[in-house]
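Look for chain A in each of the two complexes below; its partner is chain B in the first and chain C in the second.
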Partner chain A sequence: MSQSYNRGLIEDFGRWREFSAGMWAWIFHKFTGWVLVGYLFTHIAVLSTALTSEAAYTTTIQALESLLVVRILEVGLLAVAVFHILNGLRLLFVDLGVGLEAQDKSFYASLILTGVIVVASVPTFLAGVSI
Partner chain B sequence: MSTQVPEQVEDESSAESVSPGKQKRDAKKRERAERLQEQREAEAAEKARTADDTYHLKVFRYDPEVEGKQEPRFDDFYVPYKQGMTVLDALMWARDHYDSSLTFRHSCRQAICGSDALFVNGSQRLGCKTQLSDLSEPVRVEPLPHADVVKDLVVDMEHFYDQMEAVEPYFQTNSLPDEDEEQRQTRENREKVKMSTRCIWCSACMSSCNIAAGDNEYLGPAAINKAYRFAMDEREGEEMKQRRLEILEQEHGVWRCQTQFSCTEVCPKDIPLTEHIQELKREAIKNNLKFW
Partner chain C sequence: MAERYTSFEPGGTRWLWQRLTAAFLVIVLAFHFFLLHFVNHADEVTFAMSEARMTQLTYFSLMILFLVTATFHGVNGVYNALVNQGLSGSRKTAVKAILGIASLVLIVQGVRTAIAWAGGVPI
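On to the complex of A and B.
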């Protein structure tokens, strides 16, 4: 919208402390969505090594899994995916017009559930796969 | 609270038909009175600043026509608190006692006219419906975001009204009742549109909406709610509903809504705006979905 002067970020992200639950849900959903799109490309790249040979795929995966950074990133990926799924379910209910009064609570619930699942997954991921 | 300050009555009737000596004396007297008045005001302001039961307001100031105010700034006002004082009351007190050029819209002071939607402490609220005691100090009062500021707290509402008009916000029907008969609405149907009729056109929702901020053509929550009020009214008939849905289904209609719930959060009349928008989305789909 045109402005008679520039109020800068004050109108938008400069106010992040005052954002409500629905706004945070929207921002997180956008962010996790883009992360998942980005991951899709690396996912395809890694899978494509199987086109050359079985051994190439195995060595690639083993090399990646041996890096601690990769295993930590996997935890992050799980967090992003789980939140996107849970909030997606929440949005399905919103679209159906079910429980719109509790939309903030369902957002908090999906956050907490994401946290629990991610924390529970940490040992598995950090241990890595032993082949 | 009065809009006029009672002590500031000035006597101007004695200017004519008096000797020049008296005029001079009068002028001097007036000057002295003015100085006294100024002093008294300064004292009052000082007292207000130091007293316990005052509220500290930071009010946005901007006026493109006054040289010193072209650069937006915040002015501090210290307003003595009275029980039940609203943000609007405090603004009026500040205007009456500190700066008569402080500009803001207000009319009914009871949350019906929808003139005084302001951005108070980071959220859109009606000044007359917001108790000072519910706010943390300093109370920041700003004009509505995402709108052109005309002066101080006054924003240009023209765009908002255009969007409201775009949905034809009035009752229209092709099926009129017989003569001498009333156009009755069932109780259930009235109950369905009840909340949507409460809109007071204050533009708080429009200002809070992130999508409306980025997309100038988006109808906005208030206009869609207005359309809901009539589209759901059974007395208008199928044909009219079709016409209304055609307006709403457009690219910048209901589908822009991304359910951030900002509008529902700020609506001073507690209208479930997101719910209404979502329902119209479902209506639009049902309208276009055909299985054959």
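On to the complex of A and C.
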């Protein structure tokens, strides 16, 4: 039998101490979503240097990629993107009625898998940069 | 039965479109990251390499579809989050208009850049 459940205003971040795994997943998904949409606008802006000239594009990208801070930000972007993808898959399955009972475990699995993929990618992301 | 937490409204399509575009983006975003960071390396990027990829119609059209889908998913996600947060009335209309214009500008700029790489639409 279904029953109503008063969850209160879940968007009240002042209640963070009461948050469960599912709520943290919701917050991380929103946060990573905001970062990714912000990055999308920045990304297109940087790539638009291709409209100026071929040399402007190549010089801009290579100059940015020579900076350690940009490489570190790219690792951060990878972490944000991987979590958003994995947690997004988790949401798609839950919406289809698959794995609702294990939604807390699949959130932890998303976090761990994100960590593993990001750590394993660090050498590739930092290759060829000078400090 | 466990309580069902969902942001879906009965009959609503905003979050449904968010899920449909997500299914596409999961695959294409992973492909994009893999191709441009692991197959090709970021510090080796040149205009000529981007041009070589973009002159292939399949890659060009996939990237345009990626741009449009990612823009929709990102901006619709922001809009839905703000509506869930309690945005309503004239502020909701204003936010919708601003996000719509921002999306249009982003897509136009992205398409112009893709065309610059490809030297025209590669048909």
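As a working rule, the second predicted complex is superposed on the first by the 110 of 131 C-alpha atoms of A that agree within 3 Å, B and C clash if a C-alpha of one lies under 4 Å from a C-alpha of the other, contacts with A are read in each partner's own complex, and residues count from 1 in each chain.
Assume a residue touches a chain if its C-beta (ideal position, glycine included) is under 8 Å from a C-beta of that chain, and two chains touch if they have at least 3 such contacts.
What you are looking at is a predicted structure, and each value in this text was computed from that prediction instead of being measured.
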Requested in this report: State whether A:66 touches chain B only (first), chain C only (second), both chains, or neither.
Outcome: second
**Report entry** Which superposed partner A:100 touches (first chain B, second chain C, both, neither)
**Finding:** both
Query raised in the report: Which partner does A:113 contact after superposing on A: first (chain B), second (chain C), both, neither?
Result: neither
Report task. Kindly classify A:15 by the partners it touches after superposition: chain B alone (first), chain C alone (second), both, or neither? Result -> first
Requested in this report: State whether chain B or chain C is in contact with more residues of chain A in the superposed arrangement.
Outcome: C
Requested in this report: Mind sorting out which residues of chain A both chain B and chain C touch, each in its own complex?
Outcome: 2, 5, 7, 10-11, 22, 26, 91, 95, 100-101
Report summary line: Counting only contacts in the complex, chain A reaches chain C at residues 2, 5, 7, 10-11, 22, 26, 30, 33-34, 36-37, 40-41, 44-45, 47-48, 50-51, 54-55, 57-58, 61-62, 65-66, 74, 78, 81, 85, 88-89, 91-92, 95, 100-101, 121, 124-125, 127-129
Report summary line: Residue positions on chain A within touch of chain B in the complex are 1-5, 7, 10-12, 15, 17-18, 20-23, 25-26, 91, 94-97, 100-101, 103-104
Report summary line: Note: in the complex, chain B contacts chain A through residues 62, 64, 72, 122-123, 145-150, 159, 210, 213, 216, 258-262, 264-265, 272, 274-275, 278-279, 281-282
Report summary line: So, in the complex, the side of chain C touching chain A is made of residues 1-6, 8, 19, 22-23, 25-26, 29-30, 33, 37-38, 41-43, 45-48, 50, 67, 70-71, 74-75, 77-78, 81, 84-86, 102, 106, 109-110, 112-113, 116-117
